[in-house]
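You will see two complexes here that share chain A, one where it goes with chain B and one where it goes with chain C.
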Partner chain A sequence: MGKGKRLATRALSFCLPLVLLFGFLIFPFYWIFITSIKPESELYGGTVTYWPKNPTFDAYRALFVDYNFVKPMTNSFIVAASATLLTLFVATLAAYAFSRFRFKGRRPLMIMFLTNNMFPTVLLLIPLYAIMRRLGILYTPLALILSYTTFTIPFSVWLLNGYLSDLPMSLEEAALVDGANRPQAFVRIILPVLVPCLVATGVYIFMNAWNEYTFAVMFTNEKSRTIPVSLRNLIGQLGVQWDLLTAGGIITIIPVCMMFFFAQKRLVEGLTAGAVKG
Partner chain B sequence: MRDKKAGIWPYLLVAPALLVVAAVVFVPVGNAVLMSFQSYDLRRPFAIGFIGAGNYSAVFKDTLFWQSVLRTVIWVVFGVGFQFVFGFCLALLLNRDFKGRGAARSVSLIPWVTPGVLIGLMWRWIYDGSYGVLNDILMKIGIIENPVPFLARQDTVFPAVIVTIIWQGIPFFALMLLAGLQGVPAELYEAADIDGANVFGKFFHITVPSLQNTIYVTTLLRIIWVANSVDVIYNMTGGGPAYASQTLSVYVFNKANALNLGYASAMSILLTLMLLLAAVPYLKTLFKIREG
Partner chain C sequence: MKIVKKFLALILMFALCMTIASGCRKKDDESSYDTATGEPIEITHWYWADTQQYSAKMQDIVKEFNQTNGKNIKVTAEEYPWDGGGYSETLFTAAMGGGGPDTASWKLTSTPLFVANNLLAVLDSYINGWKDKDDIDENLYQVMRDAGGSDNIYVMPWNTQVLYVYYRPSMFKDAGVSVPKTYQEFLEACRKLTRDTNGDGKVDVYGFGMRGAKGGQEPWGSFIYARGGDFSDFTTDKAVAGMQDFINLFKNGYVPPTAPTDGFNEIIANFKSGKTAMTIHHIGSSVGMVETLGDDVDAFPFPSGESQWTSMGDTENVIFEACDNKDAAFEWVAYLATGKGQEEWCKATGNVPVSKRVQAMPEFQNNKFMKVSIEGAPSAGIFPILDTTTEWINTIWPNTVAAALAGQKTAAAAMQDLQRGLYGG
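Showing the complex of A and B:
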């Protein structure tokens, strides 16, 4: 094969599809970003501009000053962080049991945790609303924290079970032989090794809680509203204020993107280990 | 120490997770089943009471229900199908060596971490009939002459929302398949090279079989997820115009918002049964693999 032909093949089979796919995946983000910095005259003008002539950060200012976007951000953070800690705690215990013990009912229990993910959100939504109202926690952060904890438990157990099964038993056995009891062996030996995996699983949980909309819209009010609900509420009677909405969108995805890039490698390992080995 | 005589330990450890799940999933599921046999319309609170299978027989006679079931099938087949195809392409591309590969990998995952609400709204803006960028691009390259209000027309709205869900799901497939690709031993390809296999032969005889489990699990996770997804469609179109983009999940959500909880519960039970039916072979295989 000549050099020219090889280059042409590479361009056609590699560069072109890569550029096209990336264009498709990334362009919408470029578009919401430049929408967020366009002045109103360019947003709803006669021609569509691909780079604003007069970029402005007014929308971001308005979002924080006029619409108090800090409030939903704080709410989202409280909900997501609490759900993350709670889920990690109970999921680690369960995953440890599944990976270290063979006990009666292990298999049905594991199946149960997995099938838990299969129930449609809309199925749980209606009765949960009634239950939360009866318990008097509707419209408090607790309603969302409980819901998100439950929905992220199965996948987290799955992920952590995958990581734990990869850790050799000999690690703990040595400690147990030395006279440590099981909780001690876990805290001293397993936990330190497990930290990166816990972080990756935590990022997954946080991301889900941060982004969830369907429950949030039913279970929150003015005071406890989370970011996705607030974004949607920027749509007023007069139509959508696209500059505000896109600015809010950019602010929403930045924290999860950063966390995600940080934990990406571990998370991918866990997802595939969970999917393939378990 | 995988001891058999662990006694009460494992049960104590599983108990907290089990309790939360039971409270937030199993009790509501039971409630939903009960509700589905009641006339439970909050706009008519005095008529609340058991009506046997009344909701179900009404659902079966509801043409909107059947249309939304059909639409859900199309939504899942095309949505997940193209997510898989493009996700596989992306995984293969990202598996090659090139400058900036790490950054490209991270960046390509952003759609996956974007909230569904935002996805719905941002694509609504892209498809906008007056100021939308898609119309501008299509007019500039001469495919259309006048702007098309994609989300306001019954014939274009459903393809438009499907493109959006495809966009959303490509990264997850790419992520999983890429990790799988990196686990395929290089010797297999080297041996095939010696045998003179071509690119396609290698792809279908080595790559695909090696990734079988990953493909299987990922696809089924996506099917469940896509079938259940409400936020993208709801925030783009609300299911309209004239129900043209209403999948079953969105129909249930709309009915629940309209406070007809009995009817909505009956439909959501049916949706669950359909998903369980699809998931049984998945669970069986999954456990065969895991327990090996």
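Showing the complex of A and C:
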């Protein structure tokens, strides 16, 4: 078989499907972007255009100037970052305890954590709403942070517990022999090894909080609105403001993309950790 | 053991912080004030808006009300997403959770659920003692009563969208047809307007743009009433006769052959392109019609036969039972129903006002589509709101009518299926 033929076969069997798949994945994002820069006449015109004749960034201007999109973005960031930090803090300690100590009720507690995630979120909506109201934190970011952690902590505990259980005890034992106490061994030895898994878990929690709508619409008001609710406000009963909606969509995915960009290596490490046993 | 103690200490610290944080916050029910002390009576109002302009208009209306009400009432309007009707669910969850607003924008279809859970305030005593009561047509109050399924009014009218017939004056002139005044004349017009205009032996203009897909039950209802039928029993001879007229329009070729699957987009596109000479929709599509057709588009109310009915799209306001200041809340919803709020909102959205005073204003009377909407308002109504209504509208009506138009079911059999689908049995 000639080299040229081999290259052609490779292009047809590997590169072409890859390009097609890439196009399939990227097209929705491309369409969202060009919709956001189309002028109104093209947006609602009868002819479909794959690149606007007169691109305009009016929708982005309107989004930030008239619609004050910075506010929901800030709120979303506060909620997502706080939920991530709080969950990671609680879940790491809990997972450490579950993996390193054998105490009474350990197994039932772990199962209880898991069952929490089996309840449909809608079922907990009214009770949680009433609780937040009683606590006086309804319509504040704290209400959202607490409700998100209710669901993310159990999952994170299980995820981190799996990873921690795979770490050999001898790591800490060596530190303890060298004179470190348990917290020191945890902070100096376990935590650095745990970083990839914490990144993976953190990304999951952040994205969960960043995109969540059901709780956000209930527990926030005009002052504390997050991005998903603000964007949903653009879909009316009789019409959709496509230009603003797509511009908002593009702005919304930028922080998530950036996060993935920086965390990609650690994320893959974290997700595959414990998948292969030696 | 040391670790456990520290962990417990951390949890306790967190609990302490939470308690302090919640203690520092003002409780929800402290938000209303005593008027005797001169502090404002606060009313929280939830609404949805179709565009940013509508949202800004609502905030303007609120601002003006707060400045001019003279009773120290301060309304705070908060926008919530329409979310394909999920707005009502959000409202329900909030109200059931003991929170929620004092007043809210409303859709009649949600009324039975909220009434069954005692969440809405009865408005009869307020409306009976209200100076503007007669400024709203009695028919509308009856629609509000019907929606609640009782003799009480729980819902305050705000604005409507009334269905009427769009027509092409140039086509009427070419076919020698005048604007129908009666139901029979309307059926006759459908026949006369169906023509082969370019002489190729094929029909290229159809008299009527029929909507056979979802949503088509609204114009269809006008045919049932025109023959003397009604929605309480679809199986009466009169109702079946209305259905037969509807089938005949298709069978005789007076509507496009795609009618069984034509929805909103298709009937509007067919009308704009000149494929149909008449179609039924509300004022919401008038701007697009004028943009495309200029002066060659006009409208008339669906003509009366033995009876007259047209479908009404609705938006109202409600006061919640949990509201502490219902008098003040009524001032606000009354302002939206007949006051300056009514004028401003209807001018901005193009919806039909419910206040007769506002309807008579030149801005509304000089708009031919608004004028026809107002003419049709007294005969406007809604479909019965039952647990089965959503499925009936979304699935049962389109499927049954498609089968009837295809000749697979007689008019009588189709009406029996529709009766069973809506009322069971």
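Assume the second predicted complex is superposed on the first by the 231 of 278 C-alpha atoms of A that agree within 3 Å, B and C clash if a C-alpha of one lies under 4 Å from a C-alpha of the other, contacts with A are read in each partner's own complex, and residues count from 1 in each chain.
One rule holds for everything that comes next: a contact is a pair of C-beta atoms (placed from the backbone, for glycine too) under 8 Å apart; a residue touches a chain by one contact, two chains touch by 3 or more.
Given the structure is predicted, the values throughout are model-derived calculations rather than measurements.
Overlaying the two complexes via chain A brings chain B and chain C into a clash. In the superposed model, A:35 lies in contact with chain B only, and not with chain C. Contact with chain C, but none with chain B, is seen for A:233 once the two complexes are overlaid on the shared chain.
Contact with both chain B and chain C is seen for A:97 once the two complexes are overlaid on the shared chain.
By the document's definition of touching, of the two partners only chain C reaches A:221; chain B does not. When the two complexes are superposed, the chain touching more residues of chain A, out of chain B and chain C, is B.
In the superposed model, A:142 makes contact with chain C only, not with chain B. In the superposition on chain A, contact of A:125 is made with both chain B and chain C. In the superposition on chain A, A:241 makes contact with chain C only, while chain B stays out of contact range.
Contacts of A:71 after superposition on the shared chain: neither chain B nor chain C is touched.
Only one of the stretches 23-31, 41-49, 59-67 or 113-121 in chain C has C-alpha atoms clashing with chain B after the fit on chain A, and that stretch is 113-121. Within chain A, the residues touched by chain B in the first complex and by chain C in the second are 93, 97, 125-127, 130, 182, 229, 232, 235. Within the complex formed with chain B, the chain A residues making contact are 14, 17-18, 21-22, 24-26, 28-29, 31-32, 35, 43-44, 48, 89-91, 93-94, 96-98, 100-103, 105-107, 109, 111-128, 130-131, 146-147, 149-150, 153-154, 157, 169, 172-173, 176, 182, 207, 210-214, 227-229, 231-232, 235, 240, 242, 245-246, 249, 252-253, 256-257, 260-261, 264, 268-269, 271-272, 275-278. The touching residues of chain A, when paired with chain C in their complex, are 62, 66-67, 93, 97, 125-127, 129-130, 133, 135-138, 140, 142, 181-183, 217-218, 221-222, 229, 232-239, 241, 244.
Of all residues in chain C, those touching chain A in their complex are 2-3, 6-7, 10, 18, 21-23, 25-28, 48-52, 54-55, 78-84, 86, 90, 93-94, 96-99, 284. On the side of chain B, the complex with chain A involves touching residues 1-4, 6, 9-11, 13-14, 16-18, 20-21, 23-25, 27-32, 35, 86, 89-90, 93, 96, 98, 104-111, 113-118, 121-126, 130-131, 133, 136, 167, 170-171, 175-176, 178-180, 183, 213-214, 217-218, 224, 227-228, 230-231, 234-235, 249, 252-253, 256, 261, 264-265, 268-269, 271-272, 275-276, 279, 283, 286-287, 289-291.
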